[in-house]
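Two complexes are shown next, each including subunit A; its partner changes from subunit B in the first to subunit C in the second.
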Partner chain A sequence: MTFRVDVIVKEAPQFAAGLGNTIWLCGVSMALSLMLGALFLVPLTSQKPNVRRVAQAAVDAGRCIPFLLLTYLVYFGLPSAGVVLDKWTAALATLVLYNTAYMAEILRAGWASLPAGQTQAARAFGYSGFLLLRRIILPQLVIALGPVIGNQLIQLIKDSAFLSVITLPELTFAANEVQSYYFVPFESFLVATLLYWALCAGIEWLVRRTERWASRMRRGHA
Partner chain B sequence: MPDSKAVPAVELRGVGKRFGDHEALSKIDLRVMPGETVCVLGPSGSGKSTLLRCINWLEPPDWGAVFLSGVRIGVVSGPEGKRPMNDRELAAVRTRIGMVFQHFNLWPHMTALGNVIESPIHVQRRPRAEVVEEADHLLEKVGLADKRDVYPAFLSGGQIQRVAIARALAMRPDLLLFDEPTSALDPELVGEVLSVMKDLAHDGMTMIVVTHEMHFAREAASRVLFLDKGRVVEEATAEEFFERPATGRSRQFLERYNR
Partner chain C sequence: MLNVAALLDLVHGAGITVTVSVLAIASGIPLGLLLAAGRTGRIRAVRGFCAAYSSFVRAVPVVTFVMLIYFGLPALGIAFDPFPAAVVALALNTAAFNGEIWRAAIVGLQHGQLEAARAFGMTPNVAFWRIVFPQIWRSSLPSLVNEMTLLIKVSPAIAVIGVVDLTRKARQISAVTYEPLPAFISAALIYGLMLVLLVAGARWLEKRLTRRFGFT
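Take a look at the complex of A and B:
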């Protein structure tokens, strides 16, 4: 068997485009999910038990739907209900919907683990609203949750491969196109795998840098 | 004796607070003149901490009024009548009242210096260079100049509490509240914190100190307020209170500490 490097080189632009689409789709939906998840904190931490229960049920349900099924539902199912989305909008909506449930839960748990006294001290020192969030709460959440959020991003990137079923030209779709045109499944899928791996390794590297920065504030580091 | 015509740094008139069915504080009257150190004593659950929290509105009182340098706080009277202060107005009041907590509550993602300069820069919006210079002075004053770039996790409890005092002073407050500042400390670390507080009292800082440290109260307090079950049982000078307690309840309380 010969390894068709020539095909890979020739089709490099298609792989690059697929990788690019995977990156921006996951990046944008991660940012949106973080914001929506933060908004979801309001009902999730509400003083009213009923509001809290409904919000928690919605988040739990969101986390239980398989990504592939959610993709089918949004792209093929919603048109029956009169909502027709083009594949890009459907892809983004699916990613955001799916990921927001996770982000909300991650942020809620992180918020709950922050000692109440620090927030209270901040209020006593004149902090409130957005300033309190920006200066006191969010930095501590990022430090505490950096690795968890990084992990979730990796999960999201891998799940996004399912978007190839709605012919969205992301990395897995590109690999499939190349292999079926040239009959080179091994070469094509191997390249896609390596690209996914490199992407995730990059995220891991970023997470480790955040961790190193955070560890300067914790006891017990070398 | 403080001048009776002067405006009190803080004045409470009939302040009360209820938690559900439990009346945590009832009808507290208190005047603290500028430069005074008032120690609030009493058994646990007597409402001491609630009293402090009512002063800076961390717990809005259910009754009564609080005045800071003669101006009512927590409530704004306008042409349309009275309304509670909003977050921004409360924040402005709170920057004039420093607070030191039992459990320190330093912000763990900032160094000692970072904790001290944080609120003057971001809440009071004072120029950074000026704030840093003042913060370095304050850290020196509490004996921690060499720890300015250290994160709280690497400081001892006593050092943390001294940073917390510097943090409160950096706001240039009119009044400092101490909520059992040494109760969470190992016994051998209590002294270093109390000595900083004694210096402050000596320098004429206006302070209200909730404490179980009777020696400190005896030495540093201008006056003592003895609370039990949410009421003021006795208010006296430190000397009177410790030498000639006027009520059976305060005698009983002191005996337990002197035993």
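Take a look at the complex of A and C:
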């Protein structure tokens, strides 16, 4: 067997475009679901047990659905309920919907690990609801949860490969296009998997740098 | 609403999902132990290979990995039918994650224990099966079960090579009946039920183990 480097070089733009789509879709979804997850913290940490229970049940249910099934539900299922989305909107909506459940749970677990006295002190100073979240809780969580959020971003990137099933031109779809046109399945999927590997390694590197930066900030050097 | 025939069809798809997952888990857990042994062992080349394998496989989406195995490997002369390809791909994937779990448990053992075992004249092999393994399988159980739930959730990836699992069955039913919502929602409920049963079973097992051994 000869390794068809020429095909890979020739189709490099298609791989690059796929990789680009994977990156921006996951990046934008992560930012959106970080915000939505933070909003979800309000019911999740509510002082009313019933509100808390319903919110937690919703988050747990969201974490039970496989990504591909959720994609089908949004893309093929919603039109019968009167909501028709094009594949880009459907892809973004699925990524955000899916990831928000995980982000909400990550933020809640992080919130639970904060010292309780701190929240009580903030409440005593008149902070409550959204202000308490924005000024006291979230800034600490985002720094403390950096590595966990990085891991979740990697998870999201891996799940986004399922979007190739609804013909969204992300990296796996691009690889599939190239392999079926030139019949180079091994080369094509190997390149795609290596690109995913590099992307995830890059994210891990960024997380480590952020951690080092955060620990310098805490010691007051930077 | 779904009729009885469609519901039975979904249950059949769920059976495929369970079968593939069980086969992948049953081979992935010992494979992961092998990877962890390789990574904590003395041979440098084996250590490097196991580390590279683990890093690569954990970074690659399962869908892409399944395609690489099913469409790509025949070019190297290794061809599978869809079903065995699905099992192999999921097993190789979950083995990498299980390997990390096993490794963390091995690294977490007190070093003195192994030295004591050596001082008593145990060969590394005996020390592993008598001292290390009885401890790490219990401490790793919760993480291993967590990885099992993740595996079940990525198992729809095998639909891209034509294995008709629960998700693909739901898609087929929705395409035939023109009523996608009942099929997809039923499938989601079945996945939820599988995961709840798995987690409840694991909790029950953990409780029994704690009672029997007095600690985890």
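Criterion: the second predicted complex is superposed on the first by the 191 of 222 C-alpha atoms of A that agree within 3 Å, B and C clash if a C-alpha of one lies under 4 Å from a C-alpha of the other, contacts with A are read in each partner's own complex, and residues count from 1 in each chain.
The rule is simple: contacts are C-beta pairs under 8 Å (C-beta built on N, C-alpha and C of every residue); 3 or more make two chains touch, one makes a residue touch a chain.
Not measured: the values here are computed from a predicted model.
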item	value
Partner chain(s) touched by A:51 [first = subunit B, second = subunit C, both, neither]	neither
Which of subunit B and subunit C A:117 touches, first, second, both or neither	first
Touched partner set for A:162, first subunit B, second subunit C, both or neither	second
Contacts of A:133 with subunit B and subunit C, given as first, second, both or neither	neither
Subunit B versus subunit C as contact partner of A:61, first or second or both or neither	second
Touching partner for A:17 - first (subunit B), second (subunit C), both, neither	neither
Residue contacts with subunit A in the superposition, subunit B compared against subunit C	C
Partner chain in contact with A:38 - subunit B first, subunit C second, else both or neither	neither
First, second, both or neither for A:80, with subunit B first and subunit C second	second
Residues on subunit B engaged by subunit A in the complex (per definition of touch)	56, 58, 87-88, 90-92, 94-95, 97, 99, 101, 103-109, 118-119, 122-124, 151-154, 167, 171
For the subunit A and subunit B complex, residues of the former touching the latter	115, 117-118, 120-129, 131, 135-136, 139-140, 143, 216-219
Partner subunit A, residues of subunit C touching it in the complex	55-56, 58-65, 67-68, 71-77, 152-157, 159-160, 167, 170-171, 174, 178-181, 184-185, 187-188, 191-192, 195-196
Complex interface listing, subunit A residues touching subunit C	1, 61, 64-69, 72-73, 76-77, 79-81, 154, 157-162, 164-165, 171-172, 175-176, 179, 184-186, 188-190, 192-193, 196-197, 199-201
